[in-house]
Amino acid sequence: MEVIEFRPERAQYAFTFGGVAPVRKIQPGTVLRLWTEDAFCGNIRQPTDLPSSALTMPFVNPQTGPFHVAGAEPGDTLALHFVDLTPARSFGASCTIPLFGGLTGTDRTATLQDPLPERTWIYEVDTERQTVAFEAQASDLRVELPMDPMLGTVGVAPAAGEVRSSLVPDTFGGNMDTPEMRAGATCYLAVNVDGGLFSLGDGHYRQGEGEACGTAVEGAMDVTLVVELIKGGGPAWPRLETDEHLIVVGSSRPLEDAWRVSQVGMVTWLMDLYGLDKMDAYQLLSQTSQSPLANVVDVNYSAVTKVPKALLPAAAAYGGAHRQLRETAATISQ
Amino acid sequence: MEVIEFRPERAQYAFTFGGVAPVRKIQPGTVLRLWTEDAFCGNIRQPTDLPSSALTMPFVNPQTGPFHVAGAEPGDTLALHFVDLTPARSFGASCTIPLFGGLTGTDRTATLQDPLPERTWIYEVDTERQTVAFEAQASDLRVELPMDPMLGTVGVAPAAGEVRSSLVPDTFGGNMDTPEMRAGATCYLAVNVDGGLFSLGDGHYRQGEGEACGTAVEGAMDVTLVVELIKGGGPAWPRLETDEHLIVVGSSRPLEDAWRVSQVGMVTWLMDLYGLDKMDAYQLLSQTSQSPLANVVDVNYSAVTKVPKALLPAAAAYGGAHRQLRETAATISQ
Amino acid sequence: MEVIEFRPERAQYAFTFGGVAPVRKIQPGTVLRLWTEDAFCGNIRQPTDLPSSALTMPFVNPQTGPFHVAGAEPGDTLALHFVDLTPARSFGASCTIPLFGGLTGTDRTATLQDPLPERTWIYEVDTERQTVAFEAQASDLRVELPMDPMLGTVGVAPAAGEVRSSLVPDTFGGNMDTPEMRAGATCYLAVNVDGGLFSLGDGHYRQGEGEACGTAVEGAMDVTLVVELIKGGGPAWPRLETDEHLIVVGSSRPLEDAWRVSQVGMVTWLMDLYGLDKMDAYQLLSQTSQSPLANVVDVNYSAVTKVPKALLPAAAAYGGAHRQLRETAATISQ
Amino acid sequence: MEVIEFRPERAQYAFTFGGVAPVRKIQPGTVLRLWTEDAFCGNIRQPTDLPSSALTMPFVNPQTGPFHVAGAEPGDTLALHFVDLTPARSFGASCTIPLFGGLTGTDRTATLQDPLPERTWIYEVDTERQTVAFEAQASDLRVELPMDPMLGTVGVAPAAGEVRSSLVPDTFGGNMDTPEMRAGATCYLAVNVDGGLFSLGDGHYRQGEGEACGTAVEGAMDVTLVVELIKGGGPAWPRLETDEHLIVVGSSRPLEDAWRVSQVGMVTWLMDLYGLDKMDAYQLLSQTSQSPLANVVDVNYSAVTKVPKALLPAAAAYGGAHRQLRETAATISQ
């Protein structure tokens, strides 16, 4: 089992999916130990660091990668199994950014109102208690919140020769911002170009569903994952599998379309796994779906469809890839 | 503590919020033991009962009520605490209805395609195991799913003299179809007219988030609730409180607007409970919100914002109404 | 030909469609000479009259009616032919209303930003030049704009026992706010209740498509119309016919759904008029549709699908009702 | 005045905005005489040519270009003035494509219904009468429709290193599919990269507003345009100017957001041209806007905001660029 460590130099960050040469070519089965910078490129470190001065657009949400997976061809499936996500700094940061976020007019939901004020919150990490601390700025409230590390952004090079900003989620994955992308999950992505060319980043020490203000508790992350290649079977939309759930992530606007694609994606998956016809799969989904939102702030909104495995008969998606990856993961020293 | 039992005659069902005379006038503090008919008016009992022949539009989703609460005035808050929801039949039913549902063109998302076929699934109730059984129609799969009884529809008479179909969710509550409306929850609704005039119905033995095909496992329900009146404080959108969560339900289209109103409703609630300013409340929400969908099929879509109480300092919403209602509930024999 | 004049007393305004007793019962073929108050109930008359103090919610958008049309039954079609719309005051008024309008957060597109300021513009009417005068408030620009009188609101009692605010457009018509509702047009509405119970109001001396700020150049109006009853044929969505166009108005959210229903409504109409199959009608529509927006500010947004008659073979919609009504109109002294 | 003629070889088509080397470097002031292939790459020529067999995805909507404009820098404005658009074939073609179009479920508005059937319509061009002929396939109707040649797609390389499919409209222009892009119009686009790198194509001999079925009367086109460079002033969204109108095109989803950005774009333009404050510009727009839709079928929907110049005082946008380009155009032999 090959183990590759990679921590990008500042000049090596990728800010797009597609359009970037691979930083490494790896074999299927490789263990990657990566470092990901935070979405602010590490430039927001104290409450006085405000986005309009600290950030240099469009150079935000830097990605680690892309990685070329040997043998990956269009139509194949990349399986990225996250073994461990460990916060790599002693603080996380969150900001309000003018005309960005879910509860403000934006560049698209364009209004004539004045933007909300910029504000930065720094969340102290307590490694022992595994918490991050919210501190109100205009009053005295301090609340410790459990850490729940995740990656906001995981994706491959898009189809049709497109190159997309790392701020975008779509069929190729990207900036989905779902808390489901945590250690223990396997992410299945369809390969669009030779090698797949996946990248990842945007560590969140914690995030609410919807990511209302547009930023989570953003922080650099040490990421361990195992990369596997499954020939064929590339799903229309990103899928996740955990020990407990089957998950499909849809990204579009309006939000009902993001939800629709994730639901239809799950209907398809249930048909495949259980030999159901379309209407039976639709019905079974209707009574078992969990539908937590991921983000309602990005270029496309992302909605999640989850079905608990405990409600369904045993089935081995992708030939049991998740279980095998869990076993592999158990052999890796943290 | 007054206890009132009421089981409507068929002619007593209400099919609207507003526009109907109260069936009872009750005092604050009353315990109600009600029976609610299922959304199909009990007309779908076997797989061969199909909506197009078994239902008589617009007479679907019959409500039990309305109840006039003595002393309730516009601007007040009704607190409806659900003590017990017990399925009242040995089966539940779910259907696909032509041009209704989340994964089909509809009367609004109008397309030129042929409708999906009608199909009815009957779910056998196993009282001992507390399950309902899904049986595929086109293949052999049979799956037992845990029961999780809830009410799809709880609401008051609307403002501005409007009368709305019981199929509609909006600021007055109504057909929100959220699984959060289960036993143990307190629902807070703003009073728009003297007496409040609340009704409820649409029992679901189980429902997935989003209610994809448009119908849950629909079934008649025995409902026990305590009704309390809080002077003033009527919330802009329905709120729920459980031992574990603060919840706001927003209903609108597109789905992002339903989510936005539920999120702004929670920002307001957090500001009130913790003396936060708007931006701090926005930030705290952004890192703590759970955002499960309710329905993406009704006249308005409904989105839920939940915040776990465990993440927040103790606070007594509505003067501790929920805790008091829980104590009252504990004294009621089931 | 019976001619009925009616100018409501202040206490006679209707603020809902449905839920109001008819002010008159009329025979098909009747000519009505009506007076309609402006959407502000005549309470905004100078730039210092601001909505938050001058208006009493929900008593805005007063309607003249409803009128009971003898013999009208559910499923029938009311044909309302507008013979003349003449501004009844020497000024029109427009305002920005906090958290209402197309380029601001609203009660539904809920944001946390401060509302836009209230401002009132008074438009002087020049009867001779047939203009209204825009005067900038913060600078010196003065522009005379051609008058183009129209009715923002025309509707019947809704189906299913609903009662809807006069601010709402939907299948029953209502507050569609389309400039197409001008003299020379025939509006076809499906009857939902005995007598139809139509009302109208919300005169605009001029309005841009979309009604961006939420209010047009609002003004009281003298309205002359002929009312005809067509047995059967009630359209799913309001239709308009002029000498030049066939028009369908759809109202929903998101805006694409409003457009979709108006387009499907036109596909249906073209199929009926020309014996086309669905796909041919879809194709013909695709190359001939004009799609001007009506409003993007109301409870539902309204989109218009227009097809120029000049592009199509001659056809007599509704048995030539529009032509006959035009002939009748020509015999009426203004 | 330099005149450059260019007709791409098949291998020279561009299928993206960005990511393609320029075919020519030109000086500001150049006249271009170009040939554009139709959106089907010329592969649909008779009713039996159906998209699923005749098209090779993603190689549709081929663009002619890109052209590098000497001196164009990020932030500048390209002014493309269309002098002449002449259909270059004796027929146009339109199709329904499975799961693409406005009145069908799509890859985003995902449903479980069967797709609409594929069908191809060939429109014969009558050069003398300047018409194209619609012929129903399932019945006998034949209708001659006036030609109204336009370009569906005009755009520059996107910002932030993105490369976008030629099927996409966004801030960089692209596949806006508005009938306003006809001879006599000047299109203003913000430059994002050195040289601007604009391409164009997707000729339509005629198109309805909204482009309901997803395709117009598609046809190869001879295009004459003048290219001018304006330093600075790059607009947030594409603008058009004709002798009669100021126009802004917004592209997003849901459709109300496309409309909002086009409206805010026009508010900004009116503020600049007339020294209005924001609220006065909002008001003036509200009473003068025309809001015809462009497309409700592409990756983003496109909405148009038009204001008639006749309603406004004279003003010289971009230093009178449009008038100068009209004068230049008058000197060019067709």
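First chain written, first letter: the chains are A, B, C and D, and each begins at residue 1.
Definition applied: a contact is a pair of C-beta atoms (placed from the backbone, for glycine too) under 8 Å apart; a residue touches a chain by one contact, two chains touch by 3 or more.
Values in this document were obtained by computation on a predicted structure and should not be read as measured data.
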Centroid comparison with chain D (C-alpha atoms), farthest chain: B
Give me the C-alpha superposition rotation for chain B onto chain C, in degrees, nearest 5. 180
Would you mind pulling out the distance in Å between where the CA atoms of chain A average out and where those of chain D do? 35
Using mean CA coordinates as chain centres, what's the chain B-chain D distance in Å? 47
Between chain C and chain D, the Cα-mean centres are separated in Å by 32
For chain D, jot down the residues that touch at least 2 other chains. 103, 109-112, 116, 253-254, 260, 263-264, 267, 279, 282
Touch list for chain D against partner chain A, complex: 15-16, 18-19, 57-58, 107-112, 159-165, 236, 250, 252-254, 257, 260-261, 263-264, 267, 278-279, 282
The answer for chain A against chain C in the complex is residues 103-105, 109-116, 254
Along chain B, where are the residues that touch chain A in the complex? 94, 96, 102-103, 116-117, 119, 121, 134, 136-139, 141, 143, 145-146, 206-217, 253-256, 259-260, 263-264, 267, 274-277, 279-280, 282-293, 296, 301, 303, 305, 311-313
